[in-house]
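Worksheet for the structure shown next.
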């Protein structure tokens, strides 16, 4: 069986600057993989490359054996790649429930004409979408906030909502950009318990993380980048004993996170 | 098209371009600080021209006194509009844009009511024509363009050599940080609008002896200014200067080759092309 | 709006021509034009885009119909959908190119487009030049041209009601809801990441707005019996924006209210020339400065102010 994601020799150059140099790795179905590296190591660039925001300068990206290199962000979403953003990004003027309904877009029949006429079957579809969205909210334990506007949410709930929107697309591959960053210890634990529990039951997860405690406690495997090159690819637990990784992080306080 | 005609078009184009720059520069200055494209700018240009007619022709003031009054009135109007309208709508680009349209319409309709539709003419101050190798340019236009370029140099001096200019550039770079460092952003915005209005008012004053004047003349000026600052890059002073000269030349040679209306379409097409291919403008930041 | 209210409004619009004076009917027709244009403009404003040259699409519809009927002898009936189609085609091309610009950049691009449209018609004699084209025929019904206000009211009413109904209902479709996710660049990135094809949706919505605008433009030209580059120029574009702003952008009925009230008022002021512009602009400034929610927000503000029980 093909791995869910294959990154093959991906390079990305901005002008003369190499942000990624021939990075290769695979993610197996059901895996929870951490992408680790100091600031500026190229994690976000790699994320954007996989998510179709910025196509690679060289190399290939395969999704379950199919080449998806250079596909647009919305085309990739339709193929089952979902993501969150480093800065909390929501549909700010919509309610929590409406946010998740938008996340269901790829499962929506547009049927504009039915909608203009307000046909019963269209209203039935709409009702079913709301039900599915409720299901996702319940899964992440934020259903109580369903009618609040997204821009009024506290950070902890807002970050859970970003995951809910992504999860609503029912992805094969979910890319989470620092899901626990900025959260209190308790909030981060709640988030990571959900990611490692309910979320990964449903899809393969790749997450960017700085915090070694989280990587070690929750992830199966880690890929470490430094200056755009892969310097480690192996068990998450072995990370802190690898001399190359320790060198890369030497003096960085987050090691003991 | 003969080389002589081409040279003639080039000369007239550069002179016209220098005059366009004056109005466009004020617009780009205001955009850089307040992030609004001030639709009322063309009306300030129109008022500048009309003021020359009123002070110099009707009231028979000396030219210097008329120009000084225009500078003063433009600055006061700028301060009033910044304080009364722009400052209350900061951060709301759509409201700001529409409010500037509203101000423009108010000034324009009041001027139609006050001045009537009868075209006004200001007698030539510097009659005569300069001829060089067959290329002929009226002295008046040449002088106006010359003074315009001196004002452009003065603006460079203000922006790059004074404390106020430093504060302007700081705000343009990063308003949040500039405010934290103690820059009085409200005061700088007021100065920018006042300076912009002075430039537009003088821009109008300089063309007063060249064109026939009516209260609708601001529209043409604002259109040219929009095109120039879009092509040069919103907020870029050097971009505005270069684009102003380029558009002046494009328009005058286009008019000689294809006719005035077609040249108009050409100039707009240049702007749309820039918006599509390089929306930040030729020298704007990406 | 409830079904009952819609039915009452429709009934009133149907009864109106039987009881109104010709002058009142003239005002009603002009109101229907402007209300439809403004509702179409609002559909674009609603997704965060300021279409500052929307009258350019009225002009495209109007000129298409006029050229077809006056120059090529095509039936004025056929000119009506043709005008909408041409406006839609231009909106498609222009939207695909410019809707990725945001804020002021898009506004200026469309403003320039509006100016190019009128400059183009002014530049060529075949399109009437600066003077425009007179003698525009109206369509005939059962062999009789719709010459009176009473007769011409009906096609205008049909296009207005259909156009507004489509624009209104569209908001509540899943397509219309998805448009709200495209208001800012940041939100649009998220929308793309869940599979919403942002560029395609924005263009489609822009096309719908412009088809309705252009279709109404054909009737507008037939009603005036002429076209020229001035009537559908930048003044018309800014007027539409003023109607929408004065009415209030928070909901569908605000812009319609603004267009209805200001048009009816403007028709009374028309004889005094520039006073109309002055009054419009003054009202606009008052609303922007002290009533940011527009006239539609006035009842709520009054209630809040006087504390009347709800």
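The chains carry the letters A, B and C, assigned in the order they are written, with residues numbered from 1 in each.
Going forward, a residue touches a chain if its C-beta (ideal position, glycine included) is under 8 Å from a C-beta of that chain, and two chains touch if they have at least 3 such contacts.
Everything numeric here is computed off the predicted structure, so don't read it as measured data.
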Starting at subunit B, how many touching-chain steps does it take at least to reach subunit C? 1
Middle chain, criterion being Cα centroid separation: C
At what distance in angstrom does the C-alpha mean of subunit C lie from that of subunit B? 32
In whole angstrom, how far does the Cα centroid of subunit A sit from the Cα centroid of subunit C? 42
Rounded to a whole Å, what is the gap between the Cα centroids of subunit A and subunit B? 49
Of all residues in subunit C, the ones touching two or more other chains: none
Subunit C partner contacts - residues on subunit A that touch it in the complex: 51, 53, 72-74, 77-78, 82-83, 85, 87, 89-94, 98, 101-103, 105-106, 108, 110-112, 115-118, 122, 126, 129, 165-166, 168-169
Can you check the complex and tell me which residues of subunit C touch subunit A? 166, 169-170, 172-178, 180-181, 183, 186-187, 189-198
Enumerate the contact residues on subunit B facing subunit C in the complex. 35-37, 85, 88-89, 93-95, 97-99, 101-103, 105-106, 108-110, 112-113, 219, 223, 226-227, 230, 234, 259, 261-262, 264-265, 268-269, 271-272, 275-276, 279
Touching residues of subunit C toward subunit B in the complex: what are they? 45, 50, 52, 97-98, 101, 103-105, 107-109, 111-113, 115-116, 119-120, 122-123, 234, 238, 241-242, 245, 273-275, 277-278, 280-282, 284-285, 288-289, 292
